[in-house]
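In the two complexes that follow, chain A is the common piece, with chain B as its partner first and chain C second.
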Partner chain A sequence: MDLPSLLMAGSLDTLTSYFSVAFLAIFLPVSVVVYAVIPQKARKYFLLIASFAFFWLISGQLIAYLCLIIMGVHYFGLWLDRIQTQKSAALKAVPKEEKKALKKVYLHRSRRVLLFAAVLMIGGLLVIKYSPFFTTNVNSLLLLLNIPIQFDIPSYIMPIGISFFTLQAVSYLFDVYRGLIKADDNILRLALFMSFFPQIVEGPICRYGQTANQLWNVKQIEFENLKLGAVRILFGLMKKLVIADRLNPMIKQIFSHYDDYQGGIIALGAIAYTIQLYCDFSGTMDAVMGVAQIFGVTMPENFQRPFFSKSISEFWKRWHITLGTWFKDYIFYPVTMSKPMKNLTSSARKKLGNHFGPLLAGSIALFCVWFCNGLWHGSAWGYIFFGMYHFVLILSGNIIAPAVTAFNKKLHINSECFAYKVFQIVRTCILVVIGEMFFRAERLTTGFSMFGKMVTDFSFSSLNYELMKKLKIDMHDVMIVLIALAFIFVISVLNEKGICVRGAIAKRNVVIRWAAVYALIMFIIIFGAYGKGYVAVDPIYANF
Partner chain B sequence: MDELIEILEDIKPDVDYEGCENLIDGHYLDSLSIISLIAEIEDAFDVTVPAVEVVPANFNSVKAMWSMIERLQEEE
Partner chain C sequence: MKKIIKRIVSCVLFVAILLGLLQVSSLIFQPKSNDKASGIHYPRANGIFSEPKDSIDTVFIGDSEVYHSFIPLNIWRDYGITSYDVSSPSQKLVYSMEFLKKTFEKQSPKIVFLETNAIFRKSYFEDEITYKAEQIFPVFRYHDRWKNLQLKDFSATVEYTANEKNKGYYFTKKSKPAPDKAIKKYMKYSDVSAPILSTNKKYLKEIAKFCKKHGTKLVLISTPSTKNWNYQRHNTMEAISKELGVDYIDTNLLRDDIPIDWKKDSKDKGDHLNYNGAVKVTKYIGKYLDDTKLFKDKRNDPSYDSWNTCLDKFEKQVKKGKSQES
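Let's look at the complex of A and B:
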C-alpha cells in the first residue's frame, strides 16, 4: 500500500473494520503518536482532523453530507436555545396568570423548530437508505394492481455510519429542546462529538452530555489508559478473529444452501450466526472502547452480557444498549406521554385494571419502537419482520405475566431458584436465535423456509465428517471456537459478579500481567482466522 | 404525600413505598406502572410531567416523586 493510494478520498474502505491492518497498523498508531507529541492545546483539533480524515478516507466526497448535518444541528440547536432564552425573559415580564399561556406559545414555537430539524435529519436518512426499498415496493404494488407505471429505482452511496450519526444528531436536538443541555455555540466541539473516528462506523450512539466535553477536554495519553485500552482491543480482536470470522464460512454455506441441510443443521447455523453476530459486534465495541480509552475518553457501554437475560425484554436492555435507550427516550416515552396516550391509559385503567390498562398505550408505543428498530437495521421486509417478532414476544410476555405468576404460585414453583433462572435464560436464548435466523436469512421467505425445516425436519443424523467438510469446518475449528467461547463465558460470569478482569489482572505483578497479555496475543496469532484460506469479514453492523 | 402513596398502592400493591429507595432500580415499578403513575399524578396534582422528567432519579422513592411534583407545580 503506497502513500498516494492511502491518501485518496474513499480509497480505504477497509478502514470500516477497526481490526483491519489499515486501522490497527497504520491509522491508529500514527494518530496516537502524533497526538502524543503535539502540544496539549492542539490535541482536540487533531482528533477532529483525524476523525474527518478517517471519514474522508472511507466515504470520500460524502463527507459533505456529514458537514451539512453538523452545520444543521449547530444552527437548529442555537435556534432552539434562543427560543428558550426568549421564553425565560418573556416569563419574567408577565404576571403569574399569563405565564401558562405564554409558555404554551414558546412550547409550540420550539416544537415547530424541532420538528422541522428532525424531519430534515431523518428525511435525509430515509431518502438515502430507504428510497430504493420504498420504490421497489411501490413498483410491485403497481404491477399487482395492473397499473402500467414503474418508477426508476434510485441508488445512493451511503456515507459511513449514517444510521448512527443521524441518531446522535436527533438526540442532541431533542436534549436541547427539553432543556437537558445548552446548545453548543462551538461548531468544532459539536463536529468532534458527531464524528469521533472510533465510534463513527458502528456507534455506540452517544448523547452530547456523555462525550462532547470529554472529547473537547482530552489530555495527554496516560500509560495506564494505553495499556488497558490495548488489552480491550486485543480482547475484541480475539472475539472477531478467533470466533466470528472462523464461523463465517460455515454460516455462509448453511444460509446460502439451507435446502441441502436438515433442520438440526440449520439450527446449528442459526446458533453459529447468533454467536458470530455477538462476537463481531461486541468485539468491535471492545475495540471502540479500547481506542477511546487510549485517548482518555469513556464511552457508554453497548453490551452487558446479553445471553444471561431471563426475558426478551431484558435481552434488549443488555444488547446494543445505546440503540435501545435511544428508542426508549426519543420514541417510547414521548409516545406514551403524549396527551391522547395519557388519556387512553387513564380510561383503560378504569376499565381493564392496573395491568392491562397501561398495556394498551404501552403496546402502541412498543409497536412504534420495534417498527423503527427493525427498519433502522436495514431496508428489507426481513428486518421489519425481525422488529415485529420482538414486538410480539415482548408484548406477549407482558400480557401473560400475571398468568405466569399465578401459575407458578399454584404449582409452588420458586421463580427465584437457580433451575428456574436457567430455564428462563435457555428459553430467551432459543427465542433470540430464531430471531437472528430471520435477521440473517437472505429473504423473509427464506427465513420462513428455514424455520419450517427446523420444525419439520429437526435431525442431526446427517452430521458427519463428510458434512463438516462441506460446511467448511473441521473438529479443529470446533475445538478452538468452544475454547474461546468458554474463555468469554468465564469472563462474563466474573463481570456479572462485578469483577473487572482487566482491572484485576492490572493489579497483579508484572510477570502475571505480561503473561496474560502474551497469552492473549499468542492465542489470536495461532488460532485467529486470517491469512490463506480466509477472507476478512466486513463488520456486520457497519452495513446498518 | 399520602395521596401519592395511595395512587402507588392502587397501581401496584404490596410494596413498602415509604421505606423503599429503589423503586425503579429494584424493578418494583416497571415501564407500564410508570405510564399509569404519570397519568394519575397529572390528574391528581394538576401538573404535566414532561418526558424529560421520566428518569429513575425522579421515581426511585416517594420522596423523589413528591419533590418532582412540587417542582412541577411551582413551574406551572
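Let's look at the complex of A and C:
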C-alpha cells in the first residue's frame, strides 16, 4: 500500500485500540525497529514524532488542540517559574519584617496565573466535552419553565485522550506552582511528556516528575525489557480478547433488553460488565505498560488487584490509581487545606469532636472529588450519579467507622480473621458491581429500573441453561471465561503476596519460559473473541 | 558479539517454533469440508469449490447484493448457461480477490461479474494484514471452531464435497418497501463522482489484471439498490471501467429492461432485492450472457444432469415460498 493511502484519514481508524492489528502489527513494530536503528541522540525526537503521528492518525487536524495545550502549558509554566525567581530575588532585597507581605503578593500573583491557566485548560475540556450535556439540560429546564427558548445543541469532535492529557497539563502547572518541579524550558520534552503514544488514549495520568525525564533520556532497547514488555502486552491481550470481548455480546444483550429479564440475569449482567470493564481497562494498561517497558520507560501502575479491596475507599486506591491520586492531590487537598475549610474544621472539631469535626470539611472536599470524578467519566447524569454513589458509600464508611469498631469489639468479632476479610471483600465487590451497573446503563432511569428488578425480582432459578442460550453466550464461552478468570485470580493472589509472576518465570529455564509464552500466545489465538461473528469492541476508557 | 549471536539464534528459534505451532493448529482448525456443519465461513460461496472441474461458465463475485440479485438456476433454466454467486456478506475486495483466485484453480469461467458495491466499502490497511495472516495460518480465521472440534479434525484431510443446491443464490420472498424519500432520491442525476479508497482501486486493478491474464472477460456490475447506489457512484464506476477497459453495467439505470418496483421487489427497504427483484435482474443478465454467444446450451448434456435436479428443487422451493436459512 502506498503511503498516502495508508495515511488517509480513516485507513487506520482502529488505532485507538492498542490491541488492534493496526497498532500491534504496524505502528508498534515499525516504531520499535526505527527506534532501535537510529542514533541514540535522535531517539527522544523519534518518540515525539511517533507520538504526534499516532495522535494525527487518530484525531487528524485536532492535533492543533494538543499543540495549543502544550504551548499553553509551556508558557504558563515558565511564567509561574519566573514569578518564583522574582520572588526569591525580591525577598533577598527586603528586610525581614516585609518578607511576609511580599510573599503574599507573589503568592497571589502565582495563584492568579495558575487559576487563569487552569481555567483555560479545563475550560477547553468543558466546552468540548460537556457543552452538549449542559445545553441539553438548559433546554429541558427552559421547557419545564414554559420558556419558549431552545438552544442548538453543539457537537464537537473530541481529540483523542483529551480527558487524560488535560489532567496531565493541569498537574504539571500545579506542581510548578507548588515548587515541586522546575518549569521545563524545553517545549519538546514537555510535548513528549504530554503526548507519549502508549499513554495518550487511556492514560495512566502521569506526573511530570514521573515520566518526563525518563522519556527524554531514553536509551537503546534492552533485550530483557523487550521480552518482559512483550509478555505484559500478551497478558493484556488475553484479558481483553478472551474475557472482556467474549462477554460483550451478553452484556449488550442484557443491558439493551433488561426489561425481558429477571433480577438474577440483570445481576449476572452487572457482574459480567464489572469483569469486562476491569479486563478491558486493566488489560489496556498492561499493554501500555508493556509498550513503555519496551522503550525502557516505567509508568505508574493504574491497577493493584482492586477486587481484593476491603472497603470502597480502598477500592479506589487500587482502581484507576492515577486518576484517584490526581483528584486527591489537585482537588481534595487544595479544598481541605483552603482557609475556609481549615476554619470550618477547627470550629467543627470543637463542637463535634476529633472524629466528626475534621470529617465535615473532608466530606465537602470528598463531595467535590466525587462530583468531578463522576463528571470526568462522561457528560451524563448516570456518571454524576456514579460519582455520588461512591461519595455516599465512602462518607458513610467514614461516619460509621467508630460504630463498627465498637460493634465488633462488643460482639468479639475478630476483624483481622480471614472470614471477616472475605466478608469485607465480598461486600465491597457487591457495592462496586451495583455502581458499575449504573455506570453502564444507557440512562440513569434505566439504572434505577435495573436495580429495582435486581432487588424485587431476583431468583437463582432465572439463571437456567435455557435462558443462557438467549444471552448470546454459550457454555463453551462461560467455561473459557472462567478458566481465564481463574488464571488471573491465581496471578493476582501471587502478586498480592509480592510475587511477580513474570519475573519468576523469567528466572526459570528456557523450556519453562518458552512453554509459558507459547501457551499464552496460543490461548489468545484460539480462545480470543475476534474475527467472524465478533465485533471488535472499542476500548471502553478511550471514550472518557 | 557472542551474546548478540546467541540472542539472534534464540529469537529465530522462538519464532520458528511459534510458526510450527501455528501451522499444526491451522491443520487442526481448518474446516475439513465446505458445508456449514464443517464450520467453514460462507458455505454458500464456498460451494463453488465442490463443482466439477471447468463446469462453471460465469461467476458473480461481490457482497450480499450478489446473492440477492442473481439466480444461477434461472439462467440455467432459460439458456443452459452455468453460473455461480461467489458472494458473502460485506465482502471486501481483498476477499473477492481470494475467492476469484481460488475459483480459477478449478474453473475457467469466460466472464467474471464483479458487483461494485464492495468497491465503495471502507477498507482498512489492517484488513490486508489480517487477510495475509489468515491465508498463511487458517487458525486465525477458524480459531472459533474450538467449540465444535471433533477427533477427525486432528487427522482428516481437507476435501470440499458439499453441494450448494441454489448455486450461491439466497432465496427470499420477504418484502419491505423502500421509503418514499429514498425512492425519490434514487439515481437523481449528478455530475459529481464518489471517492474510492486507493486500496480498493488497487484491488480492482489486480482483479482486472488477473482476469486478463486468464483470458476472461471482466464485467463490473451495479445491482439495484436505493440504499447503496447513487449517481455519484455510477459516475465513478463509469470512469474506472473506461480506465480499466472493461464493460460496466449499471442495472440501476436500466429501468425499462429491469423494472424494479421498490414497493414490492426489495427484501429490506431498498437495500437488497427479494426473489421478485432478482428474477428481473437475472432475466436481463441471462439475455446479456446469451447475446455474447460465448456459451453452449448444456441443458441436454447428461454430465450436467445435477443442474436440472437442482433446478427442480429450486422451483419447488419457490413454489413453497419459504425463505431459506441465512
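Basically, the second predicted complex is superposed on the first by the 532 of 544 C-alpha atoms of A that agree within 3 Å, B and C clash if a C-alpha of one lies under 4 Å from a C-alpha of the other, contacts with A are read in each partner's own complex, and residues count from 1 in each chain.
The rule we apply is simple: a contact is a pair of C-beta atoms (placed from the backbone, for glycine too) under 8 Å apart; a residue touches a chain by one contact, two chains touch by 3 or more.
Just so it is clear, the model here is predicted, and its values are computed rather than measured.
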Overlay on chain A: chain C relative to chain B, clash or fit: fit
First (chain B), second (chain C), both or neither touched by A:Gly362: first
Which of chain B and chain C A:Thr336 touches, first, second, both or neither: first
Contacts of A:Ser20 with chain B and chain C, given as first, second, both or neither: second
Cα-centre angle that chain B and chain C span when viewed from chain A, reported as a multiple of 10 degrees: 170
Touching partner for A:Ile157 - first (chain B), second (chain C), both, neither: neither
Chain B versus chain C as contact partner of A:Ala406, first or second or both or neither: neither
Which superposed partner A:Leu494 touches (first chain B, second chain C, both, neither): neither
Touching partner for A:Phe527 - first (chain B), second (chain C), both, neither: second
Dominant toucher of chain A (residue count), chain B or chain C: C
Chain B and chain C, minimum CA distance [Å, superposed model]: 43
Chain C - residues contacting chain A, complex: 7, 10, 14, 17-18, 21-22, 25, 29, 41, 122-126, 128-130, 139-141, 143-144, 146-147, 197-199, 202
Residues of chain A that touch chain C when the two form their complex: 1-2, 4-6, 8, 10-14, 20-22, 25-26, 223, 474, 476, 510, 514, 518, 521-522, 525-528, 531-533
In the complex, chain A residues that touch chain B: 100, 178-180, 329, 332-334, 336-337, 341-342, 345-346, 349, 354-355, 357-359, 361-362, 398
Contact set on chain B toward chain A in their complex: 10-12, 31-33, 35-36, 38-40, 42-43, 49-52, 54, 76
